[in-house]
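Each of the next two complexes has chain A plus one other chain: chain B in the first, chain C in the second.
So, the complex of A and B:
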C-alpha cells in the first residue's frame, strides 16, 4: 500500500511516496509525474524519506520519470532515501544518475 | 501457517497484489527472528520481492490459466536464511548465469540481477511439474 502526497513549489512540485514503491504501486507514481509535467511543472522532487521499500519496478519508474522530466526540459531529483532504497540505488548504480539530495531544500537549491 | 519455529509458509494467488502479502508475511517472520541486522533484512527482502514479482510476471506472460498459485516457505538457521518458492506455472527458460544488470537508462531488466547481488545463492529448477526457486542469504 502506498500513498503519494503532492506539494506545489516554485517551478515544480514535491512528491512524497509513503510506503512501498513496488510493481503494485508504481503506476500511481508514473501517473502523478506525468500529470505534473503535463500541467507545466519542470522540477519534480521525489521525497523518499517515507518510502520504506523500492523494488526493480520502482527503480524503473524513477528512471522513466527522470527521462520524461528531462525530455520536458526539466529534472527529477531524489531526496533522503531510506536504508533499503539507498541500497538498491547503489547496487544498480542508479545513484549515478539519480544522485540523492539530503533534503528537499537542497534539491530545490541545486 | 507456521510449520515449525523459525519457519513460515504462505500460499497465495499468482497476481501482483500477492507481492504485498508476501512482504507482509516476510515482515512478520523477520520480526519473529529477533535479528536486528538491517543489511541482512533488506538484502533478503529485496531478493524475495524480486522473485515473487518474477513468478507473477512470468505467469502473466506465458500462461493463459489464471488459476495459478504459488507458495513461499521462509526458514532460518543460525547462519542461513532460506526462501523457497513453488509455483505450478509453465516452466521458465531462465539462464541465471546469463543475467546482468541493466544499463542506467533502461527502465526494466534489474530484478534478477538485484536478487543475485543480494543473496549468497539463487537457484531455479523445474521439478515434478513445478517451478522451484531457492534463495539463500548468509546472516
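So, the complex of A and C:
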C-alpha cells in the first residue's frame, strides 16, 4: 500500500510517497505528477524518506515523471532515499541521472 | 518477492542431465574436437595447395569455419542441461504466495479468427491470470471480438504517434506500461497455449534471479516429412539445452514467461546508458555544432550574439559533465541556460513591441490591457520555439540531445531491445548481462502454425538471420562485459552459424572446379588426408547423433546449406543496415498461406545454378575420364562430394513443389 502526500511550495510541490512504490502503486504517482504539472507546477520534488521499497517499475515511473516534468519546462528531483531505495538507484545507475538531494531545502535550492 | 522454496523445488531447480548421458556426450565432444583440430591444423600447416591459392584459401577458410562451428557445438553440448520435471508453481489458491500473471497475445495483421483462437485458449489457461490482446494494428474488429469475450485489448498510446514504432518490441514495451502482472507470458498470435502452460513454467521463478523461461515452438500444420524444415527439434531441444547449461538459453519471442521486475530493471538501466551516451556524444560534438551554427548565422549579428551566450552555456555543461556531475543537473542547467538566452531575446523584442504599443496606448484604453498583453506575449516568446536560437538546426540538435527525456522515443523506458528485428535474442542477452538467469523447459506447451509455402518460409528465415546479425554488429556478444565467457560463446555460436552461407558457396565451387578443370585445392588426397578427415566427419556425425537422442536432424543440416543465398543476404543486408543506415527490406511473416501462385522456382535461382554447376561438373569429369585426363583419387573424392551436395540440395526441389499441408487447419473462408 502507498499513499502520496502533497505539499505546495514556491514554484512547485513536494510529493511524499509513503510505503511501497511498486508496479501496483506507480499509476498513483504518475497521475499525481501529471495533475500537478497541469496545474502549473514546474518543480516536482519527490521526498523518498517515507518510501520503504521501490521496485524497477517504481524507478521507471520516476523516469517517466522526470520526462513529463522536463517536457513541461520543469524538473523532478529526488530527496532523502532510504537505504533500499539508494541501493536500487545505484544498481541501475539511475543515480547518474537523478542524484538524490539530502533534504527538501537542498532540492529547492538550485 | 521471494517465493517459498521446498526441498523438492530446490532439487528440481538444480537438476541437469543424468550423469551417464552427460559422460557419453562429453567423451564424444572431446574426441570430435580433437579430430577437428587435428584435421584443420594439418590442413593449414601441410596441405594447402598454394599454387591454386585462389580456391585453396577460400576452401581452407570454409573448412576452418566448419571446425569452429563444430567446436562451438561441442562446447555447448559439454554442459547440455535436461531439466525434466519443473518445480511446482506457486500455489494459486494461497493468496499469500500466488503470483500475478499477464498473458500477452501479440498481433499485427493476423486474421481475427486466428487471433481469437489463441486469445480464447489463453483465457482458458488454468493458473489465475489476465489475458490481453496486444493489437499493433489497432483494428476495431479485434477490439470488438476481444471485448465480447471479456479480454482486454491494448493498442499503442498517443505517445507513439510520429515516433519510431519498433515493431513487436514496441508493441510489448507499450503493453508493459499499461499492465501490472509480476510475470508475463508472451504468445504469438498463432501459438495456442495449453491450459497447464503456467503451472509448468512458473515454478522456475522460485529462483529469484530467474528472468526468463522459454518453452519450445512446435507447429501442427507440418507433415511428418517437414519439407520446409519448419520444426526445429534440434534448436528447441539440445541447442537451447546446451545454452541453458551455460545460463544463456535465450528468449525466442513466443511461448516464454518473463519476470517483469527483470525487464523493468533492464529498461531503467538501458535508459541510463542511452541518455549518458547521447549526452556524451552531444558534449563531444558541441564545439563542432557551435561552429556550424555560426556559419549558418553569418550576417545575423543578433543571432551571433546569442551564439556567444550559448557557447558559455555549452562550455559550462561540458565542464560539469567532465567533472562527473549528475546528468540530470547538468542537462537541467543547460536547458535553463538556453531558455534564459531565449528570454533575453524575447525581452528585447518585447521592448520594441512595447514602444509601438505605448504610442497606441496613448490613444485608447487603460494601462491594464497592456499588462495582460505583455504577459501573453512574454509567454509566447519565451517558448523555446520562438527563440532565434531555435531557428538554427545545429543548436536545436544540441538542445534535443542534451536532455534526459529521450524525446525522440515514445517511452523513456524501453525494456525490450529495439536494436534488432529479433528483439527477443537481444533482450535476453542484455538480461544475462545484468546477471539474470534463464531456463529452457523442454515441453511443448503451445502449438503454432508454421509458414505453409516456400516464399513465406524464406522471408521468415531471412528475418531471423538478419535480426541475429544486427545484434552481432550492434552488440557483439564477445565484448559484452556483463556476460561470462561461456555466455559470450553461446550467443556468438548462434551468430556464427548464420555465416554458413559463405562456406556453402566454397563447398559448391571447390568440387566443381576440381572435376571440371582439374584444379586441386588440397596438396594431396593421400592417406594423410583421409586419416584426418574421416575421423572428424564420423565423430562429428556421432556427436550430432548422441546429442540429438533420436530427434531428426537431417532437415536442419540440409537447410543450413541449401538456404545459403538467404544466409548471405542476411549478413550483407544487416551490415548495410547497421553501418550504412539502409532499410532491411522484409515484411512481417504472414501466418496464413499466400494465394496459390504455382511453384516458385524464381525464389531459388542461385540454388538452381548451383545444382546445374554440380551436374555439369559430373558430366565434365565423365568426359575427362573418357579422354584420359582424369585419374587418381582426387576426382573420386570430389564426385562423392558433389553427390553429397546434390542430396542436400534435393530438399529445395521438394520445398518448391510442396503444395502446403494436406488437411489445412481451419482455413479462412474465401
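Basically, the second predicted complex is superposed on the first by the 110 of 110 C-alpha atoms of A that agree within 3 Å, B and C clash if a C-alpha of one lies under 4 Å from a C-alpha of the other, contacts with A are read in each partner's own complex, and residues count from 1 in each chain.
Criterion: a contact is a pair of C-beta atoms (placed from the backbone, for glycine too) under 8 Å apart; a residue touches a chain by one contact, two chains touch by 3 or more.
No experiment lies behind these values; they were computed from the predicted model shown.
In the superposition on chain A, contact is made by A:94 with both chain B and chain C. When the two complexes are overlaid on their common chain A, residue A:107 makes contact with neither chain B nor chain C. In the superposition on chain A, A:63 contacts both chain B and chain C.
In the superposition on chain A, contact of A:73 is made with chain C only, not with chain B.
In the superposition on chain A, contact of A:53 is made with chain B only, not with chain C.
Once the two complexes are laid over each other on the shared chain, residue contacts for A:24 go to chain B and to chain C alike. Across the two superposed structures, the residue set of chain A contacted by chain B and also by chain C is 23-24, 55-57, 59-60, 63-64, 67, 91-94, 96-97. Partner chain A is touched in their complex by these residues of chain C: 177, 180, 182, 260-265, 267-269, 271-273, 275-276, 326-329, 332, 335, 339, 403-407, 411-413.
Of all residues in chain B, those touching chain A in their complex are 16-17, 19-20, 23, 38-39, 42-43, 45-46, 49-50, 53, 56-57, 101-102, 104-108, 110-111, 113-114, 117-118.
For chain A in complex with chain B, the touching residues are 1, 20, 22-24, 53, 55-57, 59-61, 63-64, 67, 83-84, 87-88, 91-94, 96-97. Against chain C, the residues of chain A that register as touching in their complex are 23-24, 55-57, 59-60, 63-64, 66-67, 70-71, 73, 75, 77, 91-99, 110.
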